[in-house]
């Protein structure tokens, strides 16, 4: 890159959590700068947020529509290179469509849209636009997840037989949505969150992680959803058995009522030659187990890791990197593609989740919802 | 007790693994002594085994039938007080029946019988006999498992919402049964092992552990069985979703093809107030997680553990106890009941797995087999 | 703050490690921007580095002297608010003096100077200047280190009896300084590193960590230095016994030849009521041990942590933060003081290492060198 | 062996802790049986203890002298083959001498005697007697400690540079000796415990462990002793720097006032090629660290462990063994030598701690006491 990329943001105003994460991820490596935003649908709040972020008030907008239009009218050397969308699920489609059609690249928080139908529409729009669309399935940005993928893809585990992926949280063990906790309120509201709470919010991360590492496709699944808290309309716990194409089997579960769990996303992948284990809360280690040799702990930042992974380490082994650096890795990879696009170069393939991952994720959510509603049936994965 | 209890053993001759475990468990506390045995159906091997164990040759028998008959004819102050049965599954019923009907107390390795039908018959025989029958579901002998039970039963976790129980092993990742490995050969042979390999052998331990700790009863389940190795007739991997009576949900899986796993039995129990986690490979610790307080690690041997559990610690905190001591705890509790029985006292309730646990375990196996065979269906638990 | 603080950098050109760490730490929270630098004493390399960092070429200087002079001549609304010094130890004094005397605030990498004499001189200069001087003893930026400090200072551990602090690394197990590895070359060269290699480089972090958490002052110490690699002039391993004022005792060791260790800095603090343990490689957990209660694991990001610490968490519990975020915490706290200074407000006390920490650290290094040279003696801490 | 070895015991009556440990260790493998004892210097208590242990009352003695004499007068096919001495330190010498001179093999709890002088005398007596003398430095009975030894001795770690051995406990953080806690009372009483409390009781285990694994001999050391509790006459905490012959360095510490620690004995050994780490509280794992390869976790019970170690595993990998099994390993190895002796065969070398280990341990204690008393000096190891 010859200059910092210029970033705009939709959503992420005062009090929002994920907007701040996106900004830290974008800024930390000095390759991007935030120059514009529509931080809230409330114009006043958007302005106040922009001020806190030291932005030029002229580029803090009252709505995303205004932002798309005005930014597009700025000269190329001023206007944003991409927009980050960090609004609730149900507006992702509209915002993304608007910016893509106004000629901007997009980085979008997950899940990609409100439902599968929208996701497929958005896929068509992305394709037509020729712009970069990156989805922040952020856990795939962890270097040791990339190492896991390398190990699987290079055959070190042999044929994959089984995947166990879990994402237990405990923060919804009380009905905090009734006390006005915003994060809880929209996630448990079918109108804002869609057909699923727990699987849509975090189960999809577990699914994405398994797919990223192994490349296996789901053939069919059997899901059990539970709403443990009285009056909760969407599931706060989901357990799923999976059959993958080619014969591998899987267990995937996500939970928001597992008291005392924080973000204990973890995955185990079992192959004919070896197996591996990774835990998000201790992300610098990848455990590899062999049938007839000592266990190995591969640690981030070492020369013995595969070459492609070494590029994702900012600091040496033993100095841990964590969530924000992994998130920033997604941004860095997307930024490479965006830099290609804004320079008019052919966009090379980079390592970030795409619109296809978004569509696949929505299909996963809809398939689990369908299976869970049936109460008794294994359900074929909805192909897209 | 006023004297050591006299123990006999059926099975467990040279080369057998579990016989040795039972003997160590019985001997270590100095409360029992081995005085007789029919260690193999091969008379010569039985004799040789008895010699290695320093037994009086007169009390090393060529068959269990001979043993039951001759021991019964010895004067009360000489004959065995109980027999330990450590033969393969398919002979448990016949041996147990013989000794119970000859007037002996029985300690039997799990699973209790070849199938549910036999288990129910044996239950009737046990009841009629008035003798002690103990089943070595040994993992419930671990002090921190007992502490987990105490915590759940005393309400510290609140209402139980979810149980996740796992038992991955990796030793059958190759077809070692074809190379004459005996342990593998009988477990993968439907004629000797019954309708299930993996769930019958180890899944049942996970089920028993969950039931011991929580007391929850299964309402229905959905099982997926896989035979990953070519030509293997029984499943070497089983994944199960569970609905418990009262609304709790569960995931239980067992595997023998999880490369590099040893005996990674573990359980997590989630309640409305707190949750707990226990791992068999690190058995001296019980992790308790709270929604709003630091995690706690309860460690074996401390005064802060509940009173009932303190009695199961032989040595102080920080000096680990492990598998054999847990196994010995089952023996010690059974021995108390046996001592009651042989003294003609009323047999008090002690903390060891009973014939009821055996029947319940067989029902679990048969239900999972039924569900797995259906390929698509949740299946009601077979009540007994 | 009403605007981003403007940062300059001395050192940290292409290929340098710590410069990049300082930049990430400064940038990630969007409160500072890099606007000027003298990245290398080689003018050409400085220019090239500035270009990579997308700086205005006019503000990329050929020397730090030029930078100090020219920046001072810029109007207040343009010139840098502070400079970050990331050159080798032996130039810290000269650079810091130059910028302080030119009216700039300073953030300086550790150790503060080449030797104690310089450190004391610099202390006088800092005091006279009235400027902010922050030292990046970065490990004290970790939230759970701050929580440890809170626990000790609030009396939860009772009276402190013992501190065990360790910092083993293994990267100098081979003579890589002979192969031209720069990081190794200057650290093992007495002319550049001063009187100590291992203790000066990393032992001082362990010392600083213990002092930050407990506030205890060293009375005397007994040090053993070893140069394990042939021809190495400075120690690559140092072991120290400590007597603190007031009666507590300590063990502190640092090593660069502990094969396979990465950055395993860790500390245990034992008090009359409880003790605590923290490991840099797993920084989100603080283990607290009680004589008569279960162990507790306090985890970053939870409401049960003390209030002052909660402000240092960017993301919720279970999403780990790590080295770079801790480093950024030092920058954020220093930035608050710098913002005070540049606005002409009274500089409030903030939580970052100061020139006093620098002087104390140099006294620690000189005391250990003196004791180690004696070969046999406990040595009184050199008061400053 | 053709029969069980007959064991006698001196000490270990009701309420004693270590006597019970010795009995479990001796009994668990079915190779030894307890047939006689003088369990207390109080004749009545000795009798009561013998009854609890189901012994023939004729072989429960009122004093160890009576026991030695009467047992010696029994016919060879009846009398004990060896005696286990589990009395406090200050009587070990007299009891051991009596039994050795009466023609019996001896297994003795550590430390071997009250002081070095006695230890050297006992060494002469052992040599003259031609009998087996085993000392229960039990931690060397752990299989993974033996594996560590194998790795070091076979050169896998290269030349050993550094040993860090720790044994923190917390049980003496309160003055429980004043409340009549017996274990505390004798250990803190110079008349019963000798010149050292903490180092004599547990520091010596850490020293023995380091010597067992590496074979390195101490050249000199610098010790710091502290009695943290008011009125305590012996140290409850000891920190030691060590210089080994040949140039390796060491840190060894033991503590009884480290609140919340249980029996956290652990050792790290650093070599030029690799290093290893073992923790007594998680004894089934041995961690091996390499400068340029993933860490390895070697686990007990696997075929990849060295052959000599495989013989010490009773049960397969993943089923943990622990303290009592390690203790039993010492007994089993001693029993092999005793079986040789009683059969009149040449006594082969077996893997158990000997009188030489006892003498070396006492020299270690006396050297540390001497250094600690000096307050300032490194002290040459007292050769014996």
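By written order: A, B, C and D. Residues from 1 in each chain.
To be clear about the criterion, a contact is a pair of C-beta atoms (placed from the backbone, for glycine too) under 8 Å apart; a residue touches a chain by one contact, two chains touch by 3 or more.
All of these numbers come straight from a predicted model, not from anything done at the bench.
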Comparing A-D against A-B, which pair counts more contacting C-beta pairs?
A-B
Looking at chain B with chain C, do both copies bring the same residues to the contact (over half shared) or different ones?
same
Separation of mean Cα positions, chain C and chain A [Å, integer]:
35
Centre distance in Å when chain A and chain D are each reduced to the mean of their C-alpha atoms:
56
Per the centroid of Cα atoms for each chain, what is the distance between chain A and chain B, given in Å?
44
Specify, in ascending order, the residues of chain A that touch 2 or more different other chains.
261, 288, 295, 299
Give the list of chain D residues in touch with chain C in this complex.
157, 161-162, 164, 166, 168, 170-171, 173-174, 222, 224, 226, 228, 237, 239, 241, 243, 247, 249-251, 253, 255, 257-261, 268, 270-275, 288-291, 295, 375-378
Provide the residue numbers of chain A that touch chain C in the complex, in ascending order.
2-4, 17, 20-21, 23-24, 27-30, 34, 53-54, 169, 261-264, 280-284, 299, 301, 314-325
If we count contacts the way the header does, which residues on chain A are in touch with chain D in the complex?
288, 292-299, 302-304
